[in-house]
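You will see two complexes here that share subunit A, one where it goes with subunit B and one where it goes with subunit C.
On to the complex of A and B.
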């Protein structure tokens, strides 16, 4: 299968006010039809990575490396290339549908104006497609909703509208930036269900940005864990869950409250320390200050090493069954 | 009350719920003045430019409701006749300064960087000039009259609108829906002009209503100084100027009537503008 998104060695450095790059040598691929999750805490660079697929960079930043969306290089892309990818090939669902939809335009306008204005669709074609998709995202009475304004719909309904809008042009890749974070848990489950069914049907690949590990595992084939602007571990969802190798992944998985409640006399495990701020720029491993397995070797920067089948880990002392082996795409 | 009028009144009451009585009265006053200005040539009892030397400096009477000035011109007729130029001038100022303010503010706020710096410093420099000083400069360059004064005032009022527009554009530009539009591949110009501008327009237009009152006051001051509308063309500022001597001669109405008219209209515009701004900010 060909890759719809190939990010290799992507670095994004803010021109002012940051000691370290907000993205530092990020590499990630999403194959056609694949579901990939990007997990990590706030500020780890998940959103910046996903927006890179559309060539939407943070203001006043220097970008290096390569991002190929549907075969088009987005780093230093011409306006026409950017438009081509944004208009038809890559769609995006934002975290807060209330903020992501223009409040003063009708739902119908929001859905149809992109294809109509950017791709020259006729109003009939755009309307028909909008109705079809609103039905597909299980919105009752889609005709009425087309004439309504965003404030007349609930958050869950609006997020369905957002998904419908992102899928209007049947893109090859859908970016979901915390698409369910602003919703309550039951709505979340519904939306994720609709999203996965629709994307499987359409053959659309999904890059699912979230901080919810369980959600990532439930929906995605592969997971990439980000910390302080780097991908620290990536692999198949089940492998990562059953046998996490990077100490940060181990910490993340341990800090989830278990469904059945904690055993008596045990505390919830937390990762000690605080996330790395943009003002801190350690020479070695980014996670070293919070890591229990730290050694003097961690003062030098670890590369992203192959660690088992389809598994990459950025750590000198990965836990788990397989020891670190041949460097793959390793960089100093 | 007729049965037909009742539902209409009820609807009106529902629509105006929460609006202060002062705002409603202000709006009504503005409507009355606009109607008077538009219909002036048909409703003035006397020719506002023609004097009558047999009836100078008269007190209010049945023939001359607001008396006459020192040339025997009917004050009420001048007041109604002068409403047109007195309202047209500020309207010009507000339209021109709002349109230019939108352009400057949008470009500065949307583009940011050095474009923003240059435009914002330019606006700061304009701020440093008092409006009246600019008007005197314009009059000395282009001659006396309403046009020169209006142009000068438009420039003087530009930074108020431009700053406001820039501020709200900066706010609006950071909203996720703008990013969503970019993600759809719509051009920056389209997003800025066709999508962001309509969203910020109501707030800016409310500010323009407030500016109208101030512009009216400033233009009246220019006419009062003899730099604006020239006699015998009726104008409220010029009337106050002309009525000064009558004031000393014991006939205050020639100066008092236009002065009161200016005060009322300015206050009414301020009230309506504030109300609009409050309501719009409350919504967004």
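On to the complex of A and C.
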């Protein structure tokens, strides 16, 4: 299976006002038809990573490394290459559909303008495809919705419209940037259900950016955990859940409220300290200041090392049942 | 929630009802304005008969006859009724100075003012929106800063100062444009005579529209839906046109209503500066000579223009921004 997204050693540095890169040596691959989750807290760089797949960089930033979307290199890409990828091969579902859909244009315009203006589809073809997709995302009255304005639909309905629009051209890769965060929990479940069903049917790979570990585990085959601009651990969803190796992943999993409620006299385990700001740039491990298992070795930077089958972890002292292969100190 | 027509009808009815209500409030505002205009001029000290008699001292009978002819002997509300009834039929009474019908004076002077305001509105809209959009798209570059500097200067320049400077440069030094009057030739000559007044009248509002266009465009450029459009690979020109400029029209329209009215008021000064026979000149001379009916008529025309312009903006706005509708229409 070929990869629809290959990010290797991607670094993004803001030209002003940041002591450390916002992305620091990020590597990530998404195979065709694969569902991959990118998990992390706000500011960890997960959104910047997903946007990189479309060649959307933050303003005034220096980019190095490589991002290949459907075989096209996006770092330093020409306008025509960017257009080619954005217009048909990679789609994106944004977090807030209320803000992401132009409020003064009709839903029909939103769905059809891309294929019509950028790919030269006829109005009939674009409309037929739009109707087909609005039905596929289970909207009650597709014909009417095409003539409605965004404010006439609920947030959940609009997110379905957003998904439909991202799938108009049947892209090979769909980026979902916190696509369900703005929605209530029941709507969230419906949207995720629709999204997974549709993408499995179409054979579209999904990069699911979220801060919700459970959602990531429920939807995706693989999970990559990001912290302060780096991927700190990645692996198969069930492995990562059952046996987290990086102290940050352990902390994230422990800080989820249990479904049955907390046992009496216990507190929710929060990760101590605060996330690294862009002004802080520790020489060693990014997570060291908040880590319980810190040793003097953590003053030097750990590489992203193979730790078991299909497992990568960026830590000198990975925990977990599998004994870690002792890193030699060299960066992978 | 069955078929489309049953859903569509309440919306159309709601929209029509909102328009009717807006027109109703327009009529009410105009009526109140007419009362205020009439009443405020009645409060001005000085007896109109004294001016009508121009220093003559006729017999009490003649004086009474004059008072009766101008309804000056009747109670205030009755006089107002007479005046309003006339106004509704297009009769604003007769000028106290030369007995000419005020409507006739308006009809000869108003076209000049309206032409001036229309030309100015056209200049402001086309140039202001173009330059504003240009500045927004050059955000952070030198060209944007140059535009902003010009905008600041323009905004701080009153029309009478602009009039003097323009006359000095283009009429006295360069001799390209005439400085006075309307000319007596055809439209070409008239346009040449109106060129400098139009620019003088436009400067301040041109700066305003440029600034509003620029900031509205910048505001839209930072919106998520524009990023979505870019992420979908829409041609850049289409992104600007369909998602940035189109959405910026709302704020621009909002300032346009009061702008049109303000142009009418400022045109008085410009007409005076360039010796144009418009209602500005008429107003100044009428106010000078206590010619109440003329002053009343002009003030009423100005108030009406202001209210009508704002009503038009309110009625057009929902077409530009579908999220703005009356509460009834939204449901």
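Here are some notes:
Simple rule for what comes next: the second predicted complex is superposed on the first by the 324 of 332 C-alpha atoms of A that agree within 3 Å, B and C clash if a C-alpha of one lies under 4 Å from a C-alpha of the other, contacts with A are read in each partner's own complex, and residues count from 1 in each chain.
Rule of thumb we're sticking to: a residue touches a chain if its C-beta (ideal position, glycine included) is under 8 Å from a C-beta of that chain, and two chains touch if they have at least 3 such contacts.
Computed from a predicted model, the values in this text were never measured in an experiment.
With the C-alpha superposition on subunit A as described, subunit C and subunit B clash in the combined arrangement.
When the shared chain is aligned, no partner comes close enough to touch A:317: not subunit B, not subunit C. Once the two complexes are laid over each other on the shared chain, residue contacts for A:144 go to subunit C alone; subunit B is not touched. In the superposition on chain A, A:129 contacts neither subunit B nor subunit C. Looking at subunit A, you'll find residues 54, 56, 82-88, 91-92, 94, 96, 99-105, 113-114, 117-118, 165 touch subunit B in one structure and subunit C in the other. Residue ranges of subunit A in contact with subunit B, taken from their complex: 54, 56, 59, 82-88, 91-92, 94-96, 99-105, 113-114, 117-118, 165. For subunit A in complex with subunit C, the touching residues are 51, 54, 56, 82-88, 91-92, 94, 96, 99-105, 113-114, 117-118, 141, 143-144, 149, 151, 165.
Taken together, the subunit B residues at the contact with subunit A in this complex read 112, 175-177, 179-186, 190, 195, 198-199.
Contacts from subunit C toward subunit A in the complex involve residues 1, 4, 7, 223-225, 227-235, 238, 242-243, 246-247, 250, 320-323.
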